[in-house]
Structures are given as C-alpha cells and as structure tokens.
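So, here's a batch of structures to check.
Next, two complexes with subunit A in common: one pairs it with subunit B, the other with subunit C.
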Partner chain A sequence: MDAVFLFGCGFIIAGAVIAATVRPLGRALTLFVAAVVPGLVMNAGFSIERIVSLPSVYPLIPSIPWCEPFFRADGLALYFLLVVTTVAVPTIISAHSYLQQHLGRGAAVRAFLVSFSLLLLATQLVVLANHAIVFLVFWELMTLAAYLGMLLEKEKEEVQKGSFIYFTTTHMATFILYVFFFMLHAHAGSWFFTDFHIAPDLGLLFYGVCGLGFLGFGIKAGFMPFHFWLPWAHPIAPTVLSAFLSGVIIKTGIYGIFRVIEFCSPLPAWIGILIMVVSVFSAIFGVWYALAQHDIKKLLAYHSIENIGIIGIGIGTGVIGISYSVQSLIWLGFGGALFHTFNHAIFKTLLFIGSGVIYQNFGTRDIERMGGIVHRAPWFTALFLVGTLAISGLPPLNGFMSEFLIFKGFFESASALGKYFPLFMLVMAVGLAFVGGLALACFTKIDSVMFLGTERSSLGAFTVTAADYAAMGFPALLCILFGIYPQPVLGIITSVIANNRWGIALQPYTIFAQWNMLTLVFVSVLAAIGCVFAAKTIGARRRAAPAWACGYRRQTPKMQYTASSFADEINSIAAATLHLRTHTSAPETIFPKRSKFDSHAGDFSEETFVAPLYHAIVDRAGAIESLSRTDIRYYILFMLIVVLVYGGVAIVWTYF
Partner chain B sequence: MDIFLNIQGLFPFLFILGISPLLVGLINKQKALLTGRIGAPLWQPYFDLLRLTRKETIYAVTASFVSRLAPVVAFAAVLISSLMLPIGYVKPILSFNGDIIVFAYLLGLARFFQILGAMDIGSSFEGMGAAREATFAVFAEPIYFFTLGSLAFISGHTSIYDIYHSIRLDNPTSLVFIIVSSISAFFLMMTECSRMPIDDPNTHLELTMIHEVMILDNSGIDLFLYQYSSFIKIMIYAIYEASFFNPFSMQNPWLGFSVFIVMLLLLTALIAWVETMIARFKMKSIPQYLLFATAIGILNLLIYTFVRQ
Partner chain C sequence: MENVLSILFCLTLLYIVVTSRLKTYVSILRTQGILLSAIMVFPFINHLSVHILIIPITSFIVKAVIIPRFINKIVIDLDVKRIVEPSIQPFNFLLLTVASMSVMFVSAHVLSGFTPIEPIPFASAFSAIIVGIYIIIFRKKLIVHVVGFMILENGIFLFGTSVAGEMPTIVELGAMLDVFVVVFLMGITINKIRSTFTQQDVSVLGRLKD
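The block that comes next holds the complex of A and B.
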C-alpha cells in the first residue's frame, strides 16, 4: 500500500515539473491539474486505508527502511492527511479556471504552481513527520511555499504588505516552535515525537514547554489575540491559495496543539478551562469582526478565527476530560474538535472558491458593489448557499453535527464533574449559541447582499466554468453527506481517538448512539420541504409582478439594504471593541448635495499591541541602523556575535 | 423501531397543528375585550388561513428561487421542531438525547431562510425587517440556553421531555428557580413570536415592524406558510412556557393535561394583558431588554448553584 503514497507524492512532484517546463502555459496548467489531482486522490485513499487498519501503525514507506523512524503514520497524522488531501482536490480543480485570467503573467504563474505543489507536499509531510528536525524543515517549507504562492500579484501594494505580515508572524511562530522542540529535546534526549514526554511534576519547565507549544501553534492556528495576520494574508493571496490557507494551513496549528497535548500529559484541568475561555473569545469576536467587514475574503478570514475558536472549545473539553479522566468528555470534546476541523476545511474551501469566482467576475472583493448574482447563476448561488448554511452551523449540514458534539460535551461535563462545572459549561453553551446567532446574521448578510436583490453595479456577463461547478459541487456534496449520514466519518474519528497517545486508556465508546434519530429528523425536514414545495408548485396559481414594497415606485438597486446597514445595529453595540469607525460628510443645506459615508473596521489586537510593538521595534532598530555598513565584514561580525550568544545560552542550558 | 409504534406521540403534534390558530384567536379576542371592542370571532385565524390557500401567489419580478423556497423551509423546520415538544406526560415522537440543541437550531434554520426570503425582494422595507430580525435573534438565542439549557445542566438530561419531567416544585429553591426561569422564557417568547413589547403583530406601519415587514411581498400560499408557521411558533413557545409548571403530569395524566390547558389559557390572558398595557419599545432599547432577560437568567442560575451547595 505504501506504493500508493509514493506514487501520490510522485504525481504531485510531476505536477511541479510539468508546471515548470511544459509550453504553452495553458497546456501546462491543464496537465498540472491532471497530474496533481490523481496524486491527491491516491494519498487520500492511502490515509483511509491506513486508518481502517488501525490500531496497528505500519511504517510509512516500508520499502525505504532508513526513513522509517522519521515518519510515522499514526491515527492523528492520517486523519490530518485525509483532511489535507480531501480539501486540496477541489482547490486544485478550481485553480484551473482561476488562473486562466493570469496566464499573461507567464513565469509568475509557473512559479505559483511550483510553490503550490511544494506546499501540498510539505503540508502532507508535516503531519506525518515523527522527528522534530524533519517536522521543522517541512514546517518551514510549508510556510515559505505559501509565502511564495501569495506573491502571484506581487506588484500590488496590499499583496506586499499582507505577505510581509504573514511572513514575519509565521516566522515568529516558527521561532517559538524551535525553542519548544529544543526544550523537549533537552528533556527527552531524543528528537523523535514518540520519545517526547514531559509530566507536570517538573513544575515550571512543564508549563514553559506546553505554554511555548500552545503559543507557537496557536499563532499559526489564529487564536485571538494572535489572529491579526489572517485578515491580512488571506485576502491578498490568490483565491485558490487562500482556500488552502484557510482550510488547511491553519489546521496544521490545530494538529500541532493535539501533539502538544500528547507530549505534555496529563495537562491540568485549568489549562483546559483556559483553552476554552480563549477559544470562546476567539469565536465570538472572530464572527463579530467578520460582521463588520465589506471585503468578502477578509470576512471569510475572520470566520476562520471563529471556527478555530469552536475547534478550540472542543479541545478544551477534551483536555478537561483527560485531567479528570472522564472518558465521555475526551470522546465528545476531541471528537467534536476533529470533526469540526474536517467540516470547516470543507465548507471554507467551498466558500473561498465561490468568492474567487465572484472576484473574477466583478473584479472587486467589496460586497457592497455586488448583488443579484442569483439571476445570473442560480446553481452557483445554491452551492454557495449550502456552504453558508453549513458554516452557520444549521441542520441538516455538517457544521451542525460537529457543533452538536461539542454541545453534548458541555452537558456531559456538567453532569459528570459537578461542582462549578454546570455553571461554567452553561456559560460556554450560551457563548456558542451567541456565536451561532452572530454567524447567522453574518451569512444572511453576505448571502443577501451578494446574491439576492438586484445588481448594484452593472455587470457584463457572469461566467462560471464547469471546473468551478465541479470544485464547488464536491465540497457541497460532502457538506450534505456529512450532515445527514455522518457515521463513516465518526467511525474514522473513533478509531483515531481510540489510538491516542494522551496517556489515558480509553474504553470503547459510541460517540453518540442516537444518530439514527438525528438522521430521521433531517430526512423528515427534507421530506417535509419536498412535499410542501411539490404541493405548492402543483396547487397554487402564480403570477409575477413588480415588488409591492409598500407601493413605492421606481425602486433602484441603490435603495437596497447594504451590508453595512444590515449589520449596523449589531455592530453599533460593540463599536468600541471592534474599533469601528465611520466618517459621514453630509452638507447641511436646504437642497441635497453630494454626501459621503464610509465605515471602516479596525482590529483590536492589531491596533492595541501588534502595531505599537512593531513600530517600537522598528524605532529601536533605527538607532542601530548606523551599524549597517555596506561592508560585508560587519555583517559577518554580527552573525558571529549572534552565534556566540546562542552558543553561550546553549552551554549555560546544558551545564547548569 | 419503537418510534413508529408510538402512536400516542402523534398527539402533541396534532394538538399543536390543530389548536395553534385557536390560541392566536384567543389572544386576539381577549385583546379586543380588554380594549373595549367585540373583536373578530375566535375562529378567525382558521378563516384567514383558509382564505390564503385559495388566493393567487404573486412573486416580485426581482425575486428568485430563494423566495419560493424560503417559506417552505421555514414551515418545514418549525413543523419538525414541533415534533419534539411534549404535552403533559405524552412523550413526543422525536425525543432523544440532545434534542434541545436540534430544536433550537431547527428554529435557526427557519429564521435563516425567512431572512433570505425577505432580502430576496431587494426592497429596503424588507431589508429593514430582516436586519432587525437578525439582530434580535443574536440576543434571543442565549436566553433559550439560559432557561431550558440551565434546567438541562442541572438535571443532567438533554432531551426536552426528560428535562420537563425532572422539574420538581416541592423544593423552595427549585420553585424560585423555575419561576424566574419562566420569566426569562416569557421574554423570549414575546421576542420570538414577534409580540408586543418587541414587535407589533397587528399594525402595518412598516417602519416600526420586524416580522410583518419581512413578509410584505409574500402572498397566497407563501403567506399561508409563513402565517401558519408563526401560529405554530406561538404554540411551541406557549407549550415551552406552560410546561415549566406541570408537577402533576407524571402522577396523573388527566390532571396533568387539565393543568396544562389551564396554563395555556392563563398564558393567552397574560399575553393579551401585556400587549394591551405595554407600548412597543424603541428599536434601540430592544437589545437592552433582551440582555436584561439574559442577566436575570445568569443571576438566577448563580443563586441556584450557590444555594444548593
């Protein structure tokens, strides 16, 4: 079976070679898609095959014995491999139509495709790595490949700024991870993940290590207040890449957090509570910031923060379960988190691909200029609608299923743990319900402003290619399937959790015994919709007429409710926290003149600590700028000094 | 497959479907009497529904398939969620662990489509209603979890049927807890069913409305679906509220059922009284009102948790 994985990676490398060499570019693009998609499908098949054969963990590639200790395909790794490959397939398919408009750029597109295939490869190997150095190498490769991919339209100023913020932030995270792994190495005396273990009786060292791990991976995942890079990086990347960034790359942070829980076990309960509190804040403010955005990709980036928060709530529940050794909590918490990871990857890919199609047609990401797409492309609208319903966590789609598991985790922990837990968990449940309400407001906003009503700016033609339909149809199908019939995925998640290394032996547990009831509910909802709709279509007389709208004549598209006015009432409640600013210039004359209104949403963490910190560093650095001579000998001297400092720290660390 | 044998479980469902227009008729009649009018007959809501089925359905030229789908989804979601509510001791057809979550989210699905259906017209009147609906829903959702949810957390059950059957009124702490919870639940009911302090179900002054203005451009069978689902929704929340005080339902089915009916009647009188006595709030102060209801819930649960220990 390992041959399948090797062939899969081979196909992806072949894709990179094709992208670099084949002429003309149009054919190279088609061949690239044709080569990479089978490779991804093979790797997805490989991961499913291996998950089914759990608990036995085979070496990744038995035919190459020397690499055996460096890679380990255990349950968690295989699950994330499945997530990566499943979501990458529609992304690559949509790349075919998305990049058509950029074909004139020539070499830049080739470079993009090569770095994208590198990114695919590196992301898959990151989750399979079992050796800290190998992990860090692929982690760096993943970060850099994503950075290079972002530079497709590098002449734009926002691209330069956004990619720079991404680059610096992820490098900070990587630096923290270096320290994290070095400390683990110093403790375990080995570089292998399987040997890493650190127990709480070490006191400060334990908390230092797990704090660094959570910080490093948390920055990558985008937990608040370290989320500030997401709204910069996601909008400026080519949409194909932002789908992958939001769907998969930030999930490697979640993967890392699962590994930290493995290395530092058993975690005390207060860390679980802390994770839950941070996560619920991420979820609430992520979606609230999203509500204030007009830029569709920025809005979706903030929603990633919300969903990472929901995943984090599940992880926190699981950690509490580990520390009190309550079996059901581990199953429901981690199960909900893992399921939501997959689900978010699916619907976020769908939504980003859809927003890419819209961006291509409108040439803007500003949703205030859109509208009426439904009349141009009803099927496209329906597919996007599936994605928005799923991300709002509404039944009968997959987003609801994972939130349901997390809710069940709250109830379970309240009844199993007693004490102050019912109160705490109730607050969490209310927080999650609040997030659900805000997400509903946000997605009804973008659905109705972008798709419904009439067109706000005149549009020549709205084209959706067959590749776009395929790329959106596949995740939409998965959204429905995982919603109505989640048992297969839950089976996979069950075997992933059962083969844990969290230092706790788990009893067999059915995550939720009454799925058939849920399936029954959903099927009856769908059946009721179908019956009533059929009865209505057959029975009722219909007629089309201009909208009544209280008798107002000559409605123009400009009179429609805009996204800002739709969200205004909710946003004004938290305007101060959201750093929401509006500028109105309305001349106070008898006769109306041209007036202007614009609103802008800032970001709390960016404006209160990230930007001041950055500027402080830049200012301090300015003081030593005089040292930067053109003479290369000075640079060599600086490097030597830095190496000496690091060496000195290492010696002190080892011998004292 | 015992769910298919549970014929008895159909009773709450049929009761909700059949009686909900009468409940609205009762409220309207009492409101009329309180304001010194004779008012429409009790059966008027039935006549209204019947009339709508015979009318032609008009779609705006700016509307899309979303408008045709939205009333259907809203109706179906409300219909199926009503299958989860118990009446008295009768176990509903759909009753399983975690149905309180499914119940809340199905109503969310109905709301999602109702908002989309309103925005589909592209008129700012519907837009106004939809934006308000979305805003107030954000604050109404937590109240649900503070009332029924806190009972679930206390009792350890996650099925609506089991939660109501775990209520014991013999202990003073839990009695106070139930009474305060039911006050929050009443606030929730007035919001969700677009009743008076939040929304006015009767006038057609569009600028002040939430729910009525969202369905301005719906007619015929679509309006029928919206109206009927709003009647069912009132019934659902009335049952939700009335079931808080039903200590007899397990011991004596018939006594329990009679108490339940009396509770429903009292509730209609209360709604009519509140609607007559209180003017509608300013739109700006509605979030405060809802947050106040949430705060009562929090305070109540805090007291309960610490008195118990």
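The block that comes next holds the complex of A and C.
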C-alpha cells in the first residue's frame, strides 16, 4: 500500500515534467491535469487508508528505510494530507479551463504549472515531515513555489506589489519558525518532532518557545493583527492558485499550531483563552472587512481570515479542555477546529473557482460591475449558492456542522468548568453568532448583487466549461454530503484526535450521538421543500416580465442596489475602527450635475502599524543607501570588513 | 622546511603588493604555484607514492603552467597596458599589508595554543587570502582581479595543508577546479566585453548594470 503514495508523488512530478516539455501548450495543459489528478486521488486514498488503520502508525514509505525517521504519517499529518489532496483535485481541474485564456503566454504558463506541482508536492511533504530541518526545507519550498505561481501575470503592478508583500511576510514567519525550531532543538537535543517536548515548569523559556511557534504559524494562517498580507496576496494570484492558497496553504499554519500544542504541553488555560479572544477578534473583523469589499477575491480573502478565526476558537476551546482535562471539551474544540478546517478548504475552493469563472467572463473582479448572472448560467449560480450558504454556516450544509460542534463546545465548557467560564463562553457564543450573521449579510450581498438583477456592464457570452462544472460540482457535492451525513468525516476526526500527543489520556467520546437523527431531519425537511417546490413549478404557468420597479417605467441597471449601498448600513456602525472611508461629491446647484460617490475600505492593521513600520525601516535604510555602489570592489571590501569583525569576535571569544 | 617555504610564500606576497608590472604579477603566480606544490610534497618526501603525488602534480600543472600562460595569452591578445593601475599608493598598500600580516601571525600564534595548527603556514595562508582580497579591492584592471582570485585560492590551498587532516583532499581539488573555471570564464568575458569597453577597468563596468 505504501507504493500508492510514491506513485501519487510520481504522477505529480510527471505532471511537472509534462508541463515543462510537451508541445503544444494546450496539450501539455490537458496532460498535466490528466497526470496530476490521479496522483492526488492516490494520495487522498492513501491518507484515508492510513487513517482507518489508526492508532497504529506505519512508516511513510516502508520500502525506503533511510527516509523513515524523517517523515511520520500520524493522525494529524494524514488528516491534513487528506485536506490538501481533496481540495487540490478540483483546483487542478479548474486550472484546465482557467489557463485557456493565458495559453498565448507560453513559458509563463509552463512555469506556473511547474511551480504549482512543486507547491502540491511540498505542501504534502510539509505535513508529513517529522524532522525540523526537513520541515523547514519543504516549508520554504512551499512558500517559494506559491510565490513563483503568483507571478503568472507579473507585468501587472498589483501582482508585483502583492506578491512582494506575500514574499516578505512569509519569510518573516519562516524566520520566526527557524528560531522556534532551534530553541526546541537546543532544549530537546534532537531534530525530530517526536522528541520535541517542552513543559511549562521551564517558565520563560516555555512561554518564549510557544509564543514564537504561535506567532510564526499564526502569521501564515492569517490571524488578525498579522493578516495584512492575505488581502494583498490572494486577489492577485491566478484564481486557481488563490483557491489553493486560501483553501490549503493557510491551513498549514493551523497544522503548525496543532504541532505547537503537541510540543508545548500542557498549555495553561489562559493561553487557550488568549487564542479564543484573538480568534473571535479575527473572525468578527475579518467578516466585517469582507462586507466592505468590492473586489470579489479580496472579499473572499477576508472571509478566509474570518474562517481561520472560527477554527482558532475551536483550538482555543480544546486548549482549555487540555489544561482542565475535560474530555468533552477536547473532543468538541479540536474536533470542531479540524472539521471546520476541512469544510473551509472545500467551500473556499468552490467559491474561488466560481469567482475565477466570473473574472474570466467579466474581465473584472469588481462586484459593482456584475449582475444578472443567474439569467445566463443558472446551474453555475446554483453551485456558487451552495458555497455561499455553506460558508455562512446555514444548515444543512457542512459549515453549519463544524460551527455547531464549536458552539456545543462553548456550552459544554460553560457547564463543566463553572467559575467565570459561563460568562466568557457566552461572550464567545455571541461573538460567533454575530460572525455568522455578518457572513450571511455579506453573502446575501454577493448573491444578490452579482447574480440577481440586471447586468451592469455589457457582456458578451457567459461561458462555463464542463471542467468548471466538474471543478465546482465536486466541492459542492462534498458541502452537501458533509452537511447531511457528516458521520464518516467525524469518524475520521475521532480517530485523528485519539491518535494525539497532547500528553493526556483520552477516553472514547462520541461527538456524534444524535447525528443520525439530525441527518434524518435534514433529509426529510429537504425532501419536503423539494416536494413543495416541485408541486409549485411542475405544471405552473411561467410568466416572464421585467423586475418590479415601483411603477417606474424607465429602469436602468444603475438604479439597482449596489454592493456598497447594500453593506453601508452595517458598515457604518464600525466605520472608524475599520478605516472605512466614503467620498461623496454632490454639487448643490439647481440643475443636476454629475455627482460622484466612492467608498474605500482600508485595513486597520495595515494602516496603523504595518505601513508606519515599513516606512520607518525604509527611511532608516535610506541612510546607508550612499554605500550602494556599482563597483564590485566596494562589495568585496564590505565582505572583508564583515569577515574580519566575525573573526575578531571569534578570536576574542576563544582567548578570553 | 615547510615553514621556510611558507615564509618565502609571504615574501612573494609582499613583492606583489609593491610591484606595478603585469609581467611580475604573472611570474609571482608561477612562483607561488611551485612553492605550493613543494610545500605539499615535503612532508612525504621519504615515502612518496602516486597517491600522494596526485595533488601536488595537478596543482603544479594548473597553477604554475596553465593559468600563468593563459593570463599571458590574454594580456597579449587584448593588448592590455602592461602596468597595473593602483588606486592606492604602493607604500601605503605595503604598510597595510604588513600590518594585516602581523595581525595574522599574532592571531595564529594565539590560536595554536588551542587548536592543533602549524602557526606559520596557517598565518601565511590567511595573509594570502587577505592580500588576494586587497588586490581585488585596490586594483582597477580586470585581469589583475583574476590574479587576485588566484592568490586568494593559493591561500585556501595552503590553509588546507596547514590544518592537514581537517580538510579533505576532495575539497582542495574542488576549490582548484572552481578557480580554474573562474579564470576561464573571466578570460572569455574580458574577450567579449572588449568590443564595448576599450579599457578593462572595473570602475566603468558599473555601466553594464542596466
């Protein structure tokens, strides 16, 4: 069975080779998809097969003994491998139709495909690595491959800026991770994850190490004060890549946080509370910012921050559960977090692929210029609608299920822990409910402005290829399946959590006691709705007429509600905190003149501390700019000086 | 004997610092190549074998025969002016070099108390590395930079013998190959850019940037 994983990786590498060599490019693209998809399916099958056989952990590839200690396929690794591969399949399929418009670029598309397959491979190996250096190498490879993939349209200025922000931020995160792993190594005397362990009785060292770990992985995951790179990087990437970035790459940060919890155990309860507070902050502000966006991909990027926040709330609950050793909390908190990780990966991929199709057809990402898509492509709209309902957390879709677990965790902890926890958990529950409400408002905005109404800009044909339908249909199907019948996934999550190294003995706990009943309810309610719908439509007389217009006869598309006006009411509540600005210029003359209105959403973290910090550094750096020369001899002189300083320090160090 | 040869090696370094004729540079390179091969052979003079002689013979062929000839050929082909163009007074350069060398010798003496090194070859090696870098920094002509790199590499080579056992043969061979390639590439590059720049002077090479 272990050969399956090798074959899977082999297929992905073969995809890279095909992308680099086969001519013409159109055929290379088709063959690339045909090679990589089976590879991903194999790896997904491999991970499911291994998860089923938990708690026994086998070496990753038993036929290659020397690589055995460097990789370890334990529950957490296999679960994230499953997430990565499952989500990568629709992404790769959609790449086939998305890249058709870029075929003229030739080498750039080949480079993109090669770096994409490298990214797939590196991401899978990151979660399987058991050796700190191997982990960092693949982590770096993953970062760089994603960066190279972003550069498909590198002649655009926004692409250059966004990819640069991504590059610097993730490198900062990687640097923090280097320090984190070196400190762990210094403490454990080994590079292997299985040997890393640090206990709270070390005081400051413990808090330093786990703070670094949470910081490094938190930047990658996009928790709130460090999220600023996400709305820059995700919109500018080619849509297939941003689907993968938002669905999977930021989840490697979540994976890392789970590892930090393993290494630094047991974490005190206040860290769990801190994680929950930061997460609820991320969730609320992420969705609030999303509400203010006009750029569909930027909006989805902010929603990633929101969902990372929801996952973080689950993790925080689990940490509190560990510190008080309350079994049900661990199961519900971590279970909800893991389940939501999978769910978010699924529906975010669906939505990003959908937004890619829309972008291809409209040539813009601005929501204000879209509209009336439902008349052009009803099935496409239905698939997109499934994604929006799922991300808003509405039953019976998968987003509801994972949020339900997290909510259940709140109430469990309130009743099990007592003290100030009932109040705290109440605040958290209200926060999460608020997030759900805002998300619903945001996706109502998207669905109504983009899909309903009439077209705001003239549009030729709206084409959705079969590959697009397949790529969106698969995650949509998973959304419905995991919502109505989550038992298999919950079974997988149960065995993953049971196979943990949190230093706590877990009793068997059924997270899904009454789920079969829930399934029954969902199915019957859906069937009832279906019956009513069928009864109303079949045999009914269809009447086509323009939309209701209050008796006004000369409607134009401009009279529709815009996205800004839709969101204005909610956004105005926290406009100052969110750095939302509107500019209205309506000349007050007797005769109407051309008036203007535009709204702009800043970002408090970017504008209050990232940008000032950046400018401060640039200003300081300007002081030594005079040292920059064109002559190589100066650089050799600088090198000599640095080497001499190091040598001098070394000699002084040894001598005294 | 090694110490004597190392001191001779240091004297060639001092000479190359004050001289300003290109021809002397090349002949000093040749002398250094011979000295280095000799230094490598001497410890094994009583029990010679083919295995031991591989590195000295290779280094003799490359350092004392091929590279000097190649540089001479470039100088003739390109009709370079036969003097180096210093950007520092020769006397100041000598003072700087002597000062650096004395620092090296003192540090080597200090270090020899802690680690098993032979102080004189060690200090000569480091002096060669420093002088090589100085030559690259203070000389404008591109062909002289090649000589600077060669001297730097000679230093690394000598360093290898001074900490014998610590540094495997393969590293020395690798370093030699590296510099060999660098010299060839520079020769080719100098030939190519001759069409654009009449003089081979790094201070104008900055214009190639854009």
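Rule of thumb we're sticking to: the second predicted complex is superposed on the first by the 617 of 656 C-alpha atoms of A that agree within 3 Å, B and C clash if a C-alpha of one lies under 4 Å from a C-alpha of the other, contacts with A are read in each partner's own complex, and residues count from 1 in each chain.
Quick note on the criterion: a residue touches a chain if its C-beta (ideal position, glycine included) is under 8 Å from a C-beta of that chain, and two chains touch if they have at least 3 such contacts.
Computed from a predicted model, the values in this text were never measured in an experiment.
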{"item": "Which of subunit B and subunit C A:Gly453 touches, first, second, both or neither", "value": "first"}
{"item": "Contacts of A:Phe434 with subunit B and subunit C, given as first, second, both or neither", "value": "first"}
{"item": "Subunit B versus subunit C as contact partner of A:Ile538, first or second or both or neither", "value": "neither"}
{"item": "Touched partner set for A:Leu637, first subunit B, second subunit C, both or neither", "value": "second"}
{"item": "Partner chain in contact with A:Gln560 - subunit B first, subunit C second, else both or neither", "value": "first"}
{"item": "In the superposition, subunit B vs subunit C on subunit A residues touched", "value": "B"}
{"item": "On subunit A, positions contacted by subunit B and by subunit C", "value": "none"}
{"item": "Contact set on subunit A toward subunit C in their complex", "value": "629-633, 636-637, 639-640, 647, 651, 654-655"}
{"item": "Sites on subunit C touched by subunit A in the complex", "value": "107, 110-111, 114, 130, 133, 136-138, 202-203, 205-207, 209"}
{"item": "Residue numbers on subunit B that touch subunit A, as the complex places them", "value": "3, 56-66, 68-69, 72-73, 75-77, 79-80, 83, 94, 96-99, 101-102, 104-106, 108-109, 111-112, 115-116, 119-128, 130-132, 134-135, 137-142, 144-146, 149-150, 152-154, 156, 158, 206, 216-217, 220-222, 225, 283, 287, 294, 301-302, 305"}
{"item": "Residues of subunit A touching subunit B in the complex", "value": "371-372, 374-375, 378, 381-382, 385, 389, 392-395, 400, 404, 407-408, 410-411, 414-415, 420, 422-423, 425-426, 429-430, 433-434, 436-438, 440-441, 443-445, 447-449, 451-454, 512-514, 517-518, 520-521, 524-525, 528-529, 532-533, 536, 539-550, 552, 555, 557, 559-561, 565-570, 573"}
